[in-house]
Structure formats: structure tokens, C-alpha cells
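Listed next: structures, encoded as C-alpha cells.
There are two complexes below, and they share chain A, which is joined by chain B in the first and by chain C in the second.
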Partner chain A sequence: MTRQRMGDRIATALLWAAGILILVILAAFLIRILGQGLPVLDWNFLTSKPRAMAAGGGIGPQLFNTFYITALSLLISLPIGVGAGIYMAEYAKPGRLTELIRLSTEALASVPSIVLGLFGMILFVNGMGWGFTIAGGALALSLLNLPVLVRVTEEAVRAVPQSYREASLGLGATRWQTIAKVILPSALPGILTGVTLVAGRAIGETAILIYTAGVTVSRHFPDPSLMAAGETLAVRIWAVKSEGLVPDADRIAAGTSALLVLVVLVFNFLLAAPLYWYRSRNSR
Partner chain B sequence: MNRARFSDRIALYLLTFSAITVSLVIAAILVFVGKEGLLTFLDVNPIEFFFSPDWNPPAGRFGALPFFVGSVAATAIALLIGAPLGLAGAIFMAKISPGSMRTAMRQASNLFVGIPSVVYGYIGMTTLVPWVRDNLGGQGFGVLVAGVILAIMVLPTILGVSEDAIRSVDVALEEGSLGLGATRWQTIWGVILPAARPRILAGVILAFARAFGETTAVQMVIGNSPTVVRSLTAGTSTLTSQIIMEMGQTPPGSPWNRALFMMAFGLLVVSLIMILLVRWVSNRGVAK
Partner chain C sequence: MSEQMRMTVENVDLYYGNFRALRSITLNIPANRVTALIGPSGCGKSSFLRCLNRMNDLVPGARVSGSILMDGEDIYAPHVDVVLLRKRIGMVFQRPNPFPMSIYDNIAYGPRIHGEKRKAVLDELVESSLRGAALWEEVKDRLSKSALGLSGGQQQRLCIARSLAVKPELLLMDEPASALDPISTAKVEDLIRELRENYSIVIVTHNMQQAARISDYTAFFLSGELVEYGPTGTMFTNPRDQRTEDYITGRFG
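Presenting the complex of A and B:
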């Protein structure tokens, strides 16, 4: 065997090893998280209220807050993000303003989430005097969603064939009618994929929420008040492990971690399933 | 003006407004966080802030050097591990892997993105920290564990961007090289990787930005001791971890509070520089 072929063999073996190592790391993570946490998950843990000092508390309010804050943040960011994405794909002409908006979107996407949290704290917690609230957390969180929604919408709208636009405009429809009736329905699968992606990220976010929604929950459960404090599942893990006084912090953290990973698995399935369905329908 | 034309006009205004909102948001973040941070220098000498290793706010000493050093050290370790592993994984996915294994790796990459950072921190804290303490000595907490956890967290970024970059290299280049009798590895190393380099580099810069700004996962494994990094396994702190630890105990408007905001402004400036770098690197790749 020549030296070149020897080198090729060794490189191939090393690249295989890298691929396998990546899969092994993930498997080890999942086994560890689910192995520790699944035994903790039961109906009582998922629905009962937390305890500050004693063992045996649950995560009911945090579970509620997680989905409540995520939904509110989407409610705020979705119209603006989709609107901006449509503007960038359909209206923006090459020029300074377009370039500025594009740069802003990229910049906002790269802002560390702790900075978004502090910005939310200045504005809502101190500026408006709300204190730690679900509303403040949702508003700050919507800043995390916004750039992703803009990018995903722009890509999805651009992917709609030009002939659709021409046909609609040729039939005498206005530009907005074309967008609302023709382009958006065709771009919807792409936009929905983006929404799933954004929701998945929002559910696991901590750094934005610690200083906007806070690390406590309302005395009532469930409490849909926007002005209640809104600790989420991910923040709960952080709080019990870094400053908590509960004696069973490890049980709570392990169970909540497993729950969050299960949610991630479900979201990934939701993300993958429409694509598989779409592909299998189109390949027929 | 009829109704259809009227709503057409309104829609244009609303869409333009949405787009401009994005620019207003980033401008507002720069102004608010920047103002709060820069006010630090009313009470603190900038030279002390950036170059003194002495952080003792109750005593009026605001040297933030340990946190800048800690952030750079943890991020550097993350890239030293994550970049080669991610690049090797990407080459494997693009050129070597059988299809089923490629699908598995894509799914794995998506799951890595989806796992919340607090869960990474929790696993690091309960698995890696004790392991390092027992096998390598020290406290366990420190930049080594933080770097390893961050390396796993930036893997999907490097995998995704590098695989795209490698796939987008013109097939003719590859066939030419193989046709001249080069082995697969010689082709990858000598032809494909140089052609894909600008975009791979852009991916590594994005990974740097992500690791530098990561908060919760790092805070849980870094040890939270405000001293300059002494060893891989001794407790230290980063910009993000220090902010999250101390923000809750400082009154708004105090020098301590403002110093933390100045650290956040530092994070913001670094992330904006990274975005400009990514643009510069990618444009250079296109111009060639």
C-alpha cells in the first residue's frame, strides 16, 4: 500500500470516528437526562405547587407559565416578524434602508440572550415599574423570536414561484391581495416550521427570563394574570440548582430536565413530520 | 380610491413599519444598555475596569479583567474542541457517511440545538464536574468543563454551516482532482476544504459569538469565583456568569449595577463585531 492510500485509510477512519463520537455524545446525554428524570415524572409532580423550603414540591405553575409565556411571546413577535419578512421579500428594493434592516436582523439574532434580558429589565421591570411579570418576560422573549421569524418568513416567501405572483397580478389583483391570498398560503409550511423552531427555543430559554419574569410564581394556580411573576420550567432548574433552599433540588432539576427534553423531542417530531409527509406526497 | 387599493396602501405601511421595528429594537438595545453601562465611568476609571484583576464592588473596586479573561478562555477551549470535531463531522456527513447515518446525524444536530442551555449546565454540573474533580484534580468547576459543555453546544452551528459549505463546492473541482489520481482524502484536504474555507470560517465565528454570549450553562459549571483563570480546573467567572449572579443584588443606578451593565455592553459590542466579521469573511469568499 502506498503512502497516499495509507493516509486516505487513516483519514477515513478518523472521520468515521468523529461522526460516531458525535452520535455517542448525544446518546449519552439523552440516556443520562431521561434515566435520571423519567422516574420523577408523575401526575402529582406535574400538577402540584412548588415548595420553597420542604421536599416534595411539584412544578405545576412553572409548566403553565412556560407555555403561557411562550404563546404570548409568539403572539407579539409573529405579526411583526412575518410582516417584516414579507416586506424584505416582496417590497424591499436594494438600497440603504434595506441594507440597514438586513443588518439589524442579523445583529438582533446575535445579541446574547442575557443582554436581551437586561434590556427587558430596564424597560419593563424598572422603567414601567411592573416588577417581575409574565408580560415583561413575554415581551423580552419576543425579541429573541423576532429575527428568526423575519428570516424564515423571507426565505419561505422568496421560495414561492414567480409565476404565482404574475398570474395573480395579471388577473387584476392588487399586490396585497396577491400576498394575502396567493403567496402566504404557499409559504405557510415554511413559516410554520419557523414557528416550531422559535417556540422550541423559547420554551428552554433562561437568561432572558430570570430578570424579567423572575424566579417566583403566583400564590394562585393557574394564574393567567399578566402581572403575576412567571417562573418557567427552565428557570426553575436554574433556580433550584444555583440558589434554591429546597432539600430535593436534584429530584426537581432531574425531573424538569427530562420533561423539557421530552418537549424538545416532541417539537423535533412535529418539525420533521410535515416534511416527511410533504416529501412522500411529492415523490409519488 | 377603491377599497382594494386602500387596503393595499395600508398593508404597505404596516409591513414597512414591521421591518423598521426590527431596526428600532436593536437601536434601542444599544442605546439603553450602552447608556446604563457607560455611566459606570462616572465612578470608575476605565483603565481600572478593563485592566485591574481586583473585583470587590462593596469595597469600591471594579476590575472586570477576570471576567473578560474567563469568557475568552472558556470560548477558546470550546472552539479548540468543537471546531475540529464539528468540521470532521461535517466532512463525514457530506462526503463519506452512508445515507441512514447522515439522517441520524442531522436529527442529532437538531436535538443538540433543542436541548435547553440550563439542561446542558445541569448535566455538566452533575456529571462532568465530579468526574474532573476525581480524575484531574482541582475543584472540578472551571473553564475546562465550561469549554467542553460549550463545545457540545456549538457543534450544531459548525456542523450545519460546514456541511453546507462543503456541499456547495463545485463537483467539477472534485472530479478533476480524483481524475488526476488523487485519493479521496487528498481531494478533501487539497481541493474541497480550501474552496469551502470562507464559509467554514464564517461558521466558526458564529460559534464563537454563541459561546461567548452563553449564560446559564456556563454559570452552572464555572465556579463563580471573581479571580483571573489560574488553571483549567479552578473556579473562575465570565462576563455572562457574573452578570447573572450579581444583577439581582444590586440597586438600579448604583456603580456596581452599572458596572454589570458595562459588561453586558461589552458582550453586545463583541457580538456585533462578530456579525460584521462574518459578513466580511463571506463577502471576501464571494469576490474571489
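Presenting the complex of A and C:
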């Protein structure tokens, strides 16, 4: 065997091994989390309220809060993030303002989430005097989403072939018509991928929410009030393991972890399904 | 030329930053005729075409001086609505660029953005435009299918149909057949000859046989200059300029 072919074989083997390794890590991780957690999950666990001292509490409010806060934070950050991304890709001319916006986006993206949490606490919890609230949590979480959404949107919009713009403008479309009818639909798959990414991170976020939405839940369930405390699933795992007084803390943490994985999966699926449908409709 | 003119171009210079891409071009574009722009790569023929519907506006640093009049009106005057201008001047590009939508939506795109909502009118426009582009028979049963599923030649005729749907007065074509196979090219050429009845056409081509086959007038560009412009027949049999003769006889380019 020549040296070149030898090198080719080795490279193939190494790259294959790297791919398999990822698979093994994920599989081991999922088997452990789901293996320990799934048996805990039953209707009662999913829908009942947590208990402070006694065993047998559920995570109903946390499940509700997880979806509620994630959805609210997306509701706040999506229009701003996508809007800024479109501006950066389509309108921004090279210059001071553009550089400043880009710098701000990158700076925001590099802020550790614990700092965003403390910032949220200073601003919403203490400054506004709201205390720990779902509103404060969602707003602080939006700061985490924003830079990713801006960047993903900008990249997705830039990736739309220039020929689409020319075709549309050549037909006498305005810039906005071109963006709304041709560019955004073409960039949508990329933007939705970004939303999936952001939603996954938001669902699993703890540091920000501990300081803004708190580690307790409303006495009512479900409580759609924006001003209620809003512990989420991820925060519940942290809280029950680090300062929980319930005797079945391990059971609750295991069940909540499995549920969290499933929630992310469901969320991704909900976003991917229309994407898949959209792609298959437009490709051929 | 004792023709009726659609567009008159006088002393047009085009700069990209400091680069002078066109040098005082003066040329008249007759109505209901096919005018071919020929010349080697980089000679400025495509750049010139893009001056005619202000597509160069999209290029940062591009500047145009001189005057381009369409039906007597300066298209670079400050009060001119570029959007309206581009509606009057259709453009077909080098590579077919259908939108990732259905065939029907591609054709209806132009009329829709200009406010046409009536289904019957749109249906009629889609059919007449596709017929005008000699594509109707091939696609009439799959109008709701994606345009990306068409062959390259069909896509290009679709793009021509899409331009026709907004009823332009002038049609600009930037090497419309260069990405197509010979059979598709022949179809597009036949189509251009037919369109001449109702439209004024300016076509950029690097293929001299094509220019000879389909055009009434030919302009030869070289290094940003217009070397020679005249009736295609004269140009190909009896060129005035030595450089034109060298080019069309294949001595360079």
C-alpha cells in the first residue's frame, strides 16, 4: 500500500471514529437520563404542584412556566432580533452605525448568562420592584436570545441568492416587497433553525432565571399572571438538588431531567415539522 | 437610422469607484427591434445593459453620468421613480433565476406586487405570458408545481414570461442563452424573434452567430468603448472599423 492510500485509510477511520464517538456520547447520555427519569414520569407528576417538605410532589407549574417563559422571551426577541438581522443584511451601509450595532451584538453574545441574570435582578427584581416574576425572567432571557437571532437572521438573509433580489427588483418591486415576498420566505428555513437553537437554550437556561424568575412558583396552577414567580424545569433541577428539602429530591431531579430532554425534543419537532413541509413543497 | 427610437443614450460614462467601465457611450435603441450588444468578456456590454434599467444603482460605488432618455425622459432625473422605471423595463438574466415558488406564482409575482388581486385577471395574465414565452403547452398541467423543477431552458423561458407579465416596453436580456443547451437556446432565440413584434429588445451576447441570427442592430463594445454600431447585416458583412472586423472574424476575443 502506498503512503497516500495509507493516509487516506487512516483519515477515513479517524473521521468515522469521531462521528461514532458523538453518537455514543449522546446515546449513553440519553439512556442514563431517560432510563432514570422516564419511570418517574406519570400524569400525577406532570400535573401536580410541587411540595416544599413532603415527598410525592410534581412539577406541573414548572412545566407550564418553561413553555410560558420560553414563548414570551421569543415573542419579545424574535421581532427585534429578526428585524435587526434583516437591517444588517439588507439595509446597513458600511459605516460607524453598522459597526456599532455589530459590536453591540457581539458584546451581548459574549456576556455570560449569570451576568445577564444579575443584570435582570438589578433592573426588574429590585429596580422596578417586581420581585421574582415571569415577566422579568422572559425579558432577561430575551437578552440571551437576541444576539443569536440577529446573527442567524443576518446570515440566512445574506445567503439568499443575489439573483432573487435582482429578479424581484427588475420586475419593479420595492425593496420591502422584495424582502417580504422573496427574501424572507427563502431565508425562513435558516431563521427557523436559529429559533430552534435559541429555544433549546432558553428552555434549558438556569442562571438567568434563578435571579429573575426565581425558584418558587405561584400558589395557583396554572397561573398565567406575568407577575407570578416562575420557576422552570431547568431551575427546578438545580434548586431541588442544591437546596431542596424534599426527601425524594433525586427522584424529582431525575424525572425533571428526562422531561426537560423531551420538552426540547418536542419543541424542535414542532419547529422542524413546518420547515420540512415548506421545503418539500418548494424544492420540486 | 430612420427608426422610431425607444431609448436614446448620450455620452454615458460608468464608474465603479475609480474604475471607468464605460467611456462616453452614445447609441439609440430603436422600438420593436432587437439590438444586440457584443464584445469580449469585460468589455462593458453587461454593465451598459444594467445602466438602462438602473440596476447598477444596487452596486455600491457605481456612478453614471451622461444622459439616458426613455421616450424623451431622463431615467436618471432625480424625480424618477426607479420602481416604476423597472416595471417599464423588463430584465432577463444570464442564469435562469425563477423564485422558489410555483410556476403560477412566479408569473403572477409582478402583477401582484403592482396591486393586481383579481384571480381572473391573474389567470389570464399567467396564460398569456406563458404563451408569449412559448412555454404554456409544456407547463399548463403543472402550474402549481415548483418552478425549480423545470429544466434550465424552461426556467429561462419562465423568467422571460415573468418579465412579460408586467407588460414592459423594453426588454433587456443579459446573455439569456449562455447557460442553456443548444436545443433550449434555439427555442429562446425563436422566442426573441417573435417577441420583436411587440417589444423592443436589447440583448447582450458573447455569441456572434446568435447576434447575427436574431438581431436587427448590433453594437460592438471593446474595453468600455462603443467601437461600432449599425444594422446587423452591414456590421457582419462590411464592418467600418478594423477592430470590429478582427473580432467578428475571430481574430481575438
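The working rule: the second predicted complex is superposed on the first by the 236 of 284 C-alpha atoms of A that agree within 3 Å, B and C clash if a C-alpha of one lies under 4 Å from a C-alpha of the other, contacts with A are read in each partner's own complex, and residues count from 1 in each chain.
Criterion: a contact is a pair of C-beta atoms (placed from the backbone, for glycine too) under 8 Å apart; a residue touches a chain by one contact, two chains touch by 3 or more.
Predicted model, so just to flag it, every value in this text is computed and none were measured.
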item: Contacts of A:I237 with chain B and chain C, given as first, second, both or neither; value: first
item: First (chain B), second (chain C), both or neither touched by A:W277; value: neither
item: Which of chain B and chain C A:T174 touches, first, second, both or neither; value: both
item: Partner chain(s) touched by A:E166 [first = chain B, second = chain C, both, neither]; value: second
item: Chain A residues touched by each partner, larger count belonging to chain B or chain C; value: B
item: Residues of chain A at both interfaces, chain B in one complex, chain C in the other; value: 174, 177
item: Chain A to chain C touching residues, read off their complex; value: 93-94, 161, 163-174, 177, 181-182, 185-186, 281-284
item: Of all residues in chain C, those that touch chain A in their complex; value: 53, 55, 58, 60, 83-88, 90-91, 93, 95, 97-101, 109-110, 113-114, 145-146, 148-149, 159, 162-163, 166
item: Chain B contact footprint on chain A (complex, rising order); value: 4-5, 7-8, 11-12, 14-16, 18-19, 21-23, 25-26, 29-30, 32-33, 36, 79-84, 86-88, 90-92, 100-101, 103-108, 110-116, 118-119, 121-123, 126, 143, 146-147, 150, 174-177, 179-180, 200-201, 203-207, 210-211, 234-235, 237-238, 241-242, 250, 253-254, 257, 260-261, 264-265, 267-268, 271-272
item: Chain B residues touching chain A - in the complex, by the definition given at the top; value: 4-5, 7-8, 11-12, 14-23, 25-29, 32-33, 36, 85, 88-89, 91-93, 96-97, 101, 104-105, 107-108, 110-112, 114-119, 121-123, 125-127, 152, 155, 159, 182-186, 188-189, 206, 209, 212-216, 219-220, 240, 243-244, 247-248, 252, 261, 264, 267-268, 271-272, 274-275, 278-279
